[in-house]
Amino acid sequence: MIKVGIVGGTGYTGVELLRLLAQHPEVQITAITSRTEAGLPVSDLFPSLRGRIDLKFSTPDDAKLTECDAVFFATPHGVAMAQAKELLAAGVKILDLAADFRLQDVKEFAQWYGLEHSCPEILAEAVYGLPEINREAIKKARVVGLAGCYPTSVQLGLAPLLSQKSTGGSQLIDGTHIISDSKSGTSGAGRKAEIGTLLSEASDNFKAYSVKGHRHLPEIVQGLKAIAGHDQIGLTFVPHLTPMVRGIHSTIYARLTEVGMSVDYQALYEHFYQDEPFVDVMPAGSHPETRSVRGSNGLRVAVHRPGNGDTLVILVVEDNLVKGASGQGVQCLNLMFGLPETTGLTQIAVSP
Amino acid sequence: MIKVGIVGGTGYTGVELLRLLAQHPEVQITAITSRTEAGLPVSDLFPSLRGRIDLKFSTPDDAKLTECDAVFFATPHGVAMAQAKELLAAGVKILDLAADFRLQDVKEFAQWYGLEHSCPEILAEAVYGLPEINREAIKKARVVGLAGCYPTSVQLGLAPLLSQKSTGGSQLIDGTHIISDSKSGTSGAGRKAEIGTLLSEASDNFKAYSVKGHRHLPEIVQGLKAIAGHDQIGLTFVPHLTPMVRGIHSTIYARLTEVGMSVDYQALYEHFYQDEPFVDVMPAGSHPETRSVRGSNGLRVAVHRPGNGDTLVILVVEDNLVKGASGQGVQCLNLMFGLPETTGLTQIAVSP
Amino acid sequence: MIKVGIVGGTGYTGVELLRLLAQHPEVQITAITSRTEAGLPVSDLFPSLRGRIDLKFSTPDDAKLTECDAVFFATPHGVAMAQAKELLAAGVKILDLAADFRLQDVKEFAQWYGLEHSCPEILAEAVYGLPEINREAIKKARVVGLAGCYPTSVQLGLAPLLSQKSTGGSQLIDGTHIISDSKSGTSGAGRKAEIGTLLSEASDNFKAYSVKGHRHLPEIVQGLKAIAGHDQIGLTFVPHLTPMVRGIHSTIYARLTEVGMSVDYQALYEHFYQDEPFVDVMPAGSHPETRSVRGSNGLRVAVHRPGNGDTLVILVVEDNLVKGASGQGVQCLNLMFGLPETTGLTQIAVSP
Amino acid sequence: MIKVGIVGGTGYTGVELLRLLAQHPEVQITAITSRTEAGLPVSDLFPSLRGRIDLKFSTPDDAKLTECDAVFFATPHGVAMAQAKELLAAGVKILDLAADFRLQDVKEFAQWYGLEHSCPEILAEAVYGLPEINREAIKKARVVGLAGCYPTSVQLGLAPLLSQKSTGGSQLIDGTHIISDSKSGTSGAGRKAEIGTLLSEASDNFKAYSVKGHRHLPEIVQGLKAIAGHDQIGLTFVPHLTPMVRGIHSTIYARLTEVGMSVDYQALYEHFYQDEPFVDVMPAGSHPETRSVRGSNGLRVAVHRPGNGDTLVILVVEDNLVKGASGQGVQCLNLMFGLPETTGLTQIAVSP
């Protein structure tokens, strides 16, 4: 059994990790920390876990995290990098659900997150946690910075178009003017007392936010450059808040190059993802729905070319708390410990 | 492996059965029928099942249901009773999610459901599918008429108060004037094209329905009489439609007798359900939420006595599609085939 | 034009007052205060009012409230009573949307609201703001303590059964064991940053709360006693949170006395409310929906007697922010200033 | 008083017309027709209108529509064109909420709507009902084909960028590759018994639809060409279904030309719409919300230029049933009958 600790388990990625890990056959949750809730049984805070998790929140000091095999950080950014060094020294593998180990450029990190990176040397060895792109590196990693929720959907939506693996170096699309119009449920905003995401405010309502620049923009661009193998990437990324709890739907627009005009994209996508257990290329003409993956680790993608013109429209859905966060975390954990990648991740979506 | 067939798998109880049975380690789904969708892959109708169920809908004639070990009816009432005789003759066990085998009184059945019962002799041997009350009978049953969604919540909410087992024959409450104010999500209305349950009609809205008499009323009363061991039962049952998908919340009001005034109800409920894997008596003062059991087979109950007066308030929550229908069906299936009762039913609620 | 000030206009009753008063032909809003938002244009906080309200929030000190003809308090309890004396001295009429002037018994106020009443002498002259019951007193009042949202629905639902006016002193129901199972949208919880009413928490969810005792209980009981003209009133009141924004639905259960068994309740209700502009007695057999009054000052009531038995079921719907709060406030304002009662309150419900 | 008839008043645009017209000081509704509901009081079908509309549905034959001054068609396409000739001959003005008089090209109409146009000569004189673009022509029109819901949002979002009036012939954007990613509430799908828009299906869910081509695409393109004064327009239009009742949010992406790089778009938009009563250009940096216009005839637009790059992002919100349909109809009616344009359209949005 892998002994797993969770730092900061009081948010939505925390409770989702608990749901998944409690059903994972090879994991034992040995510690879960929260400064604010120390002493409280986990199932008092999250009644959905009554009878399934028999643990109390402990303070970070009492948690004996160094005795774990792996520790998840389900915390705001800035926490994981403060504790990483000690954990690594104790031989503990780290999976960060926040942004501390996502952006390789410390200046960019400082610019978007408003604080200096405290362990650039660990950042240098950290692996970006997006298994469909980075599987082999994740297997060997000591530190994984898990891909963000929006970035997972946009990168996996575009990977077949940009990857050297599938395009053989041809530019199929104009990578400098990609658009991702992305929509998220409110759980993406976290379990925080805020007026803007009250049911009274956010239901029967729809709006964009952060149009001038969202923190996930540099992460996505970094990832697309890596996938493409070049730096000629430009992205307009507009996130929106949708009156639902779970789910991200990214609608991605890309303009074809002349070379790109003669490609069969349905075949390209199906081939690219043929061996992926969690990526499902939908039949031609499909419109995937977020609820079709609710509660599961699946991501679904459909590729359209309206009017056979020069604009591709790629539709991607995922559950932001599973494939966009905690499920992806478990997927990486499986890879890091040599388990079959789908272990503990076979939940079927709950629908309706 | 138990070979299971499903008749009429295009509704919400059907897709929920598929979700549960596809993850059940001892079941093989061998047939699923639908006249209207025959030939269609199940996962085309229910994209949440893509990659998990590799079956097509077949016509009832092609389905070879007589080769199954057990057949679920996830159909409107009237279908199961028409096919029961042939299936029983072939040695197939029957679990009906509709009402054909719930009401023992054929006159009452005719009155509430508007058609004559076509096989009273099979009805006579049918067992009411509510394991917490009827476990031993279910184990031996060939035909189980699964308890309805509302009836499950009301009967399990009241059983500790009425059962000879716990009350030793004392009347703790005035059983002649029980009130159940019950609220259901819209999935209880089924997957039917109707205006009243459109999102545009039912969201941001709340209403009662069928106040003059709902079909579940005679079923609940029959069940409460059986639990109580006497006929002095009167119930006012008012169902309401709530703008959510899954979940039933029954708020039950019962007036205490003089004997009943001195009982510790928290202890009574905890003791009554101490060995039940799916019934969770909440700590004193709790207000269980429907989402805490969403997607799981759990039912939660809390008992209150406001102002220490003579009125008990019992709060019960369940997922109407799981413990209120398909999950209860699997629970009964497990009992009928000698499996541990929780087999395939260990899903943790999806929350948020 | 009546010069109106609003103290504490940053909550939902505040913005709803603004919506109604901005369209009121006889009112000029001259001041709106908020300590936290002083200096901010009202339409920056509430974009729905852009172009319709050209006012900034001011501090209570700058607001010159004493120059108003009437002042609404859309504040937490405790604020109105602190400022009432000075306003009354300046000849300003007071309408309090909070609880400071609802409960006549200062001990009860202290017990339920946790603070001493600071001006019992003003409380003594305050009139309870429920026009259908108290119309004449409101016309002459200097201080009106507006009825709460739940209390409005329960009292108007029961008034025909309890009122001397309609019953002529007969007890039609057992007033000592009334049950009100009430459901509210989340706007009733106010515009407050709290986790429990986040969309991620409260949507697709249903729960009871405050079963052991809600602050509206003593208010309702006080009101029912006044309506009945005697003290033999007992109420079990269970509020529930429904995943919608606006609306209250109270389902009220009352047991008939022998005298009550022979009464035509449809006729009784229709007669009782025949002249009321905002109370609509629905046709026999109706199930009123909350959305049918959304955004309007209407309250709808239907009376049922299932199975012609001895239990009456009364269904009441209202918009908690309009008839349950700000609309009722405007209705009282009209009465206090000699205007037709419906002035500025003719909005038709928004549906769907 | 203008005598107004409504053909086909049983859908959402019908009930919304009734809500608006019942409060319109210069309109008398004299007839409302429905073949299926003939004889039924309007307020029985739409309880929100109880006490406000005292009319019954009549058959088209009994309705004496030729005695009206104006007739609205709130019907599926194909109905208005069948009755237009007779009504015009009787001197009745026609406002069609469906598509019969939107597309000037009868071939295009046949292609997208699947039927031949039956009165091309009337189509030739019909005016497109989008007052901000076509005000003078609407004033003189006998037949108005009201702009569709999505088309209103996209055209008004783009008009300042394309209009000769504001651009003086310069191409500020590449008009051949415009993208509109549009999101609608479910009321846009109409009051029809369908499975896809059940609350159980559409809530907590998000999906695109009709990516290969939606009927509003040719309408929008026709309109944009007219606004631009040239034919070099290409649009990728992707509509999405959002789990809410009312509201459209269009997120529009346009690439700037070199000339366009030096323009102040905030000023351009504010100037273009400075005299419009129903179009509100939001302050720079705003993210308008659909609920801020819910129930009102307002449309709000914000223009962004992320990173000061070459891609403009225009955000547009409207209530699809008001500015996107029935409110726009009333606005056109006012123009056609010489009334102030805002008559009967001063409702403030209902929020929360």
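Which chain is which? They are A, B, C and D, in the order written, and residues in each are numbered from 1.
To be clear about the criterion, contacts are C-beta pairs under 8 Å (C-beta built on N, C-alpha and C of every residue); 3 or more make two chains touch, one makes a residue touch a chain.
Per UniProt, the chains are A, B, C, D = N-acetyl-gamma-glutamyl-phosphate reductase.
Just so it is clear, the structure is predicted and the values come from calculations on it, not from any experiment.
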Applying the document's contact definition, name the chain pair with more C-beta pairs in contact, A-C or A-B. A-B
Far-end chain from subunit A, centres as C-alpha averages: C
Chain-centre distance (mean CA atoms) for subunit B and subunit C, in whole Å, is 39
Between subunit A and subunit C, what is the gap in Å from one C-alpha centre to the other? 46
Length of the line joining the C-alpha centres of subunit A and subunit B, rounded to whole Å: 37
Junction residues of subunit B - those touching two or more other chains: 12, 185, 187, 191, 200-201, 203-204, 243-246, 288-289, 291, 294, 352
Where on subunit C does subunit D make contact in their complex? 12, 15, 19, 22-23, 46-52, 187, 191, 203-204, 245-246, 280, 288-289, 291-296, 298, 300, 321, 346-352
Within the complex, subunit B is touched by subunit C residues 177, 179, 181, 183, 185, 200-201, 203-209, 211-213, 234, 236, 238, 240, 242-247, 249, 251, 253, 255, 285, 287-291, 294, 304, 306-307, 309, 311, 313, 315, 317, 352
Seen from subunit A, its contact residues with subunit C in the complex are 12, 185-187, 189, 191-195, 197-204, 243-245
